[in-house]
Amino acid sequence: MKIITSFLLFFSLLPLAMADKKPKPLEVGFVYVSPTGEAGWTHTHDLGRQHIEKVFGNTIKTRYVESVKEGADAERVIMQMAKGGADLIFSTSFGFMNPTLKVAKRFPKVTFMHATGYKRAKNVSTYFDRIYEARYLSGVIAGHMSKSGISGYVAAFPIPEVIRGINAYTLGFRSVNPKGKIKVVWMNSWFDPAKEREAAESLIRQGADVIAQHTDSPGPVQGAEAAGVYAIGYHSDMSVYGKKAHLTSPVHNWNGFYEDTVNQVLKGTWKSTDTWEGYSANMTTLAPFNPAIPQSVINQVKQLEAQIKAKTLHPFTGPITSNKGKILAKKGQVIPDEELRKMQVYVEGVEGELPN
Amino acid sequence: MDLDFFSAILSATIRTGTPLLLVALGEMLVEKSGVLNLGQEGMLLIGAVAGFIAASQSDSLVLGFMAAIAGGIGMAFIFAIVTLFLNANQIATGLALTIFGVGLSAFLGADYEGKTIAGLTKTPIPLLSDIPFIGALFFDHDVIVYVSWTLFIGMWLLFKKSTLGLNIRAVGENPDAANAIGINVIPLRFALVLVGGALAGLAGGYLSLVYTPLWTEDMSAGRGWIALAIVVFASWKATRVLLGAYLFGFASILHLAAQGMGVNLSANLLAMLPYVATIVVLVILSRNKLKLQLSEPLALAKPWRKE
Amino acid sequence: MMTLAKRQQPSHFWVYLSPLLAIALTLATGSLLFALLDVDPLHALTTFFITPLSDTFGVGELLIKSTPILLCALGLSLCYRAGIWNIGAEGQLIAGSISTTLIALAFIDSNTGFSLPLALLAGMLGGAVFAGIAALLKYQFNTNEILTTIMLNYIAYHLLQWGVHGPLRDPNGFNFPESALFDANTILPILLDGTRAHLGVLFTPIVLVLTWVLLSKSFAGFQIETLGLSPLSARMAGFSSKKIGYSVFLLSGALAGLAGAIEVTGPIGQLVPQVSPGYGFAAIIVAFLGRLHPVGIMLAGLLMGLIHLGGELVQLELGLPKSITGIFQGLLLFYLLSCDVFIQYRLTTQPGGLLHPKKTQKVT
């Protein structure tokens, strides 16, 4: 009986709660593909969420759903958010692209922001950071720190974004270590700590003394730490996983971008667009450096960083040749964005062939 | 390919194969008695999360491993009660155990997601580990690897030499007959299911405390299922389980090594191979009725109750 | 000392009471869990089990979510009734989604009305062929189907990964691992505006009725039942166990394949690496929860789907971890599987001892 009473009470109070007259805060939803955790891709987006909560206080309200599977479930979760009153939704995994577009069609008044995708609509923007700029700089550090001149790269899938990162890293590496070689191992998964560690160790056995990664787990950093070589993490600061090994990590920083987006939506100035910015917009950076890195190297990196920020240096400035000898950019020429977006070729210095 | 490189690949194989070996030995023991527990993945994850939480709370890896084992046993206990005492279907219960374990481990580990601890390091055996090639291969590992070998020898002796081993086989082949000659079928199966859980829990602890010392959701990445394949592949023989675990471990790092050497194999097609091989083994085994009787526990997954 | 004793006859009372008791126990444990998490249990349970169904959209979602599980489970129940332990619905579903995709991609630019039925048929065929492999292995080589179907699940999974990362990848999709979006002609039409419920959800009631008729009203159903209960009597009656075995294998494979076809031509609209979040495994549990009876399976499947939706909502509304879904599903299954024991057995206190006088107490 008690249960039934409280049940009725709950439903009778519902309209009262809805009739609240206070100005409604902007509701901002986040859809994550993995747990927010301590490190990694989703963690960086959640830092952005916490940042806007701090900045906007009561004018906005945020919520998130983590570990959303990319499949039939994604569309429902995004839809539930839109139905539940969200005014602005960030969906932060490539697999959410088509579901986001489908929901956006049904909710024309809701603003959608999709990270990493390439399809847009009137109320759907896409965004990503030029993480390759930080990868280039991490390559410079790795090039200085490597004694063998061989670096390993644990990579997820041969999509343009990952290939671009390998190339930027290689260009940075070879800018200071001209004979440097980069060996790539493809995982065909974003996340398998044990297997990624195994990949790192197999690269170390082949002479690599710096391990870089474009996967989501700390496995490669842990593998490098155990083997006594250096590592470059990814997404967020991964130094906790390898105090000696971790040199730095290319890091995403969504704080400012999310703040700007919320501001635009609040002011009604938001427009569908594609954002692809890096250092100049403070969306990309490097994690704190390992004390083992000599000051001279840090100075050089700081200098390059300033040039990239001022847009006087572009990592993909020629001469660049592919590892098959094809000229990709002549001296002084910069590979244009359209080419970078669909990059399907290794630059000189990367060993092996791209799988297809 | 020089000798060092070769031995490095082999010792990597041993490391990859160790969690598989532990789970597979446990599952073999359980299957030998005629019980099929498809909850390996759930037990592994609970072992991993329990071990990690205990180790990071207490700063003691020993306590971590004990918690991992206890976690595995706890899960196996649920399975044993539901299938052996309450006679529920083993396949459905095992799958439910996996769903439950995946959820519960993520739930318990939510505050530890992505955290790391100082994991267990290698314990080279003095003198022996200095022998060229052989030293690196057999005497330069972490303690759990040595434990897994001890367990293997124990399992081999159990089925080769002991009455207990004979009893387990009898129960797995024909529980009615075993009961008739005075073997306590249900208590025996119950105990073996718990031992299987302990081994799966230990394997989970190996993942979160040794292999990649951290906790993340779903970190077992399907290893519980691979272990099930290994037991079949090994046609329920301890020596072949050992070989199978290392072979499957090797297969999973083969494409990594091959890529580094510039050979491009399709990782997905390669990943399929162990399962195809298992079916082939099963076909060869099953064509001959006598051979099949000698290896496959014929009462596998069939509920049984003393009337 | 309490002990179980076999009943003379299965208890009809417990057939209906057991699921209710299991649900009550699950809710009780759930309340405890929510209380531990500092959430008002009543509010949490309402959000979990009632809010998902508070509008037509939610009901539509429930139907979409449970359709693949139910189709697989209904097919599996045929196998299980015949005593054939096909646990390969997951692989058969994936095989169906791949073969459907092949047709859908072949018809991507042609404006024809045939492509949808053709794609669905291809899915059924793909699932049936994949199940046929297990049947072939069982009847030609005497292999244990439990073990082969587990292996085939993994082979199908890796085949799918190979496909979406290779030949089936969208040529204009920047190498991302997914196929091109299917043409609107190869997409299941939406039944009701404002929901995502598509034509495919209507297949379930049809299949449900057909399975029921097959099992309870046909001679084939009698043959299946006989084979399951006693292979020996089936042989004595002159039924070919091989023929029945192949039939149920192929039928259940076709239904799982249809489930895969519906997923890719329905809510997803393309082939993606995660076509199924384990529908084929959930179906096995649903089949047993529903006691291999079509109506029971329907209820169990809807409940499993509801728990999934509820798990998403409590995360969205109350900020609770989503892993609660798995815990709830697991609890419900253990409780139900445990409670079901009372159908065949009853609790008695063992005679003897001071505290237990020598009489058997009947607890029904």
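Residue numbering begins at 1 within each chain, and the chains themselves are lettered A, B and C in the order written.
Definition applied: contacts are C-beta pairs under 8 Å (C-beta built on N, C-alpha and C of every residue); 3 or more make two chains touch, one makes a residue touch a chain.
Remember, it's a predicted structure, so these values are computed and weren't measured experimentally.
Q: In terms of C-beta pairs in contact, which of A-B and B-C ranks higher?
A: Higher C-beta contact count between the two pairs: B-C.
Q: Which chain has its C-alpha centroid farthest away from the centroid of chain B?
A: The most remote chain is A.
Q: Measuring centre to centre with CA averages, how many angstrom lie between chain A and chain B?
A: Chain centres of chain A and chain B, defined by C-alpha means, are spaced 36 Å apart.
Q: Indicate the whole-number Å distance between the mean C-alpha point of chain B and the mean C-alpha point of chain C.
A: It comes to 27 Å between the two C-alpha centres.
Q: Can you pull out the residues of chain C that are in contact with at least two other chains?
A: Expected reply: 161, 165-166, 322-323.
Q: Tell me, which residues of chain A touch at least two other chains?
A: Residues 67, 188 of chain A touch two or more partner chains.
Q: Mind pulling the chain B residues that touch 2 or more other chains?
A: Within chain B, residues 106, 110, 217, 266, 268 contact more than one other chain.
Q: Write out the stretch or stretches of chain A touching chain B in their complex.
A: Against chain B, chain A makes touches at 34-40, 43, 67, 152, 183-188, 191-195, 197-199, 201-203, 205-206, 217-219, 222, 226, 240-241, 351-353, 355.
Q: Using the touch rule from the top, collect the residues of chain A that touch chain C in their complex.
A: Going by the criterion above, the answer is residues 3, 6-7, 10, 63, 65-67, 69-73, 75-77, 79-81, 83-84, 94-95, 98, 102, 118, 157-160, 188, 341-342, 344, 356.
Q: Inside the complex, what are the residues of chain C that reach chain B?
A: Going through chain C, the ones touching chain B are 4, 6, 85, 87, 137, 141-144, 146-148, 150-152, 154-155, 158-159, 161-162, 165-166, 278, 281-282, 284-285, 287-289, 321-331, 333-334, 337-338, 340-341, 344-345.
Q: Which residues of chain C touch chain A in their complex?
A: Of all residues in chain C, those touching chain A are 42-43, 46, 57, 61, 64-65, 161, 165-166, 174-178, 181, 196, 263, 266-270, 272-277, 309, 312-313, 315-317, 319, 322-323.
Q: Name, in rising order, each residue of chain B that touches chain C in their complex.
A: 36, 38, 78, 81-82, 85-89, 91-93, 95-107, 110, 217, 225, 228-229, 232, 266, 268-269, 271-272, 275-276, 278-279, 282-283, 286-287, 289, 292, 296, 300-301, 305, 307
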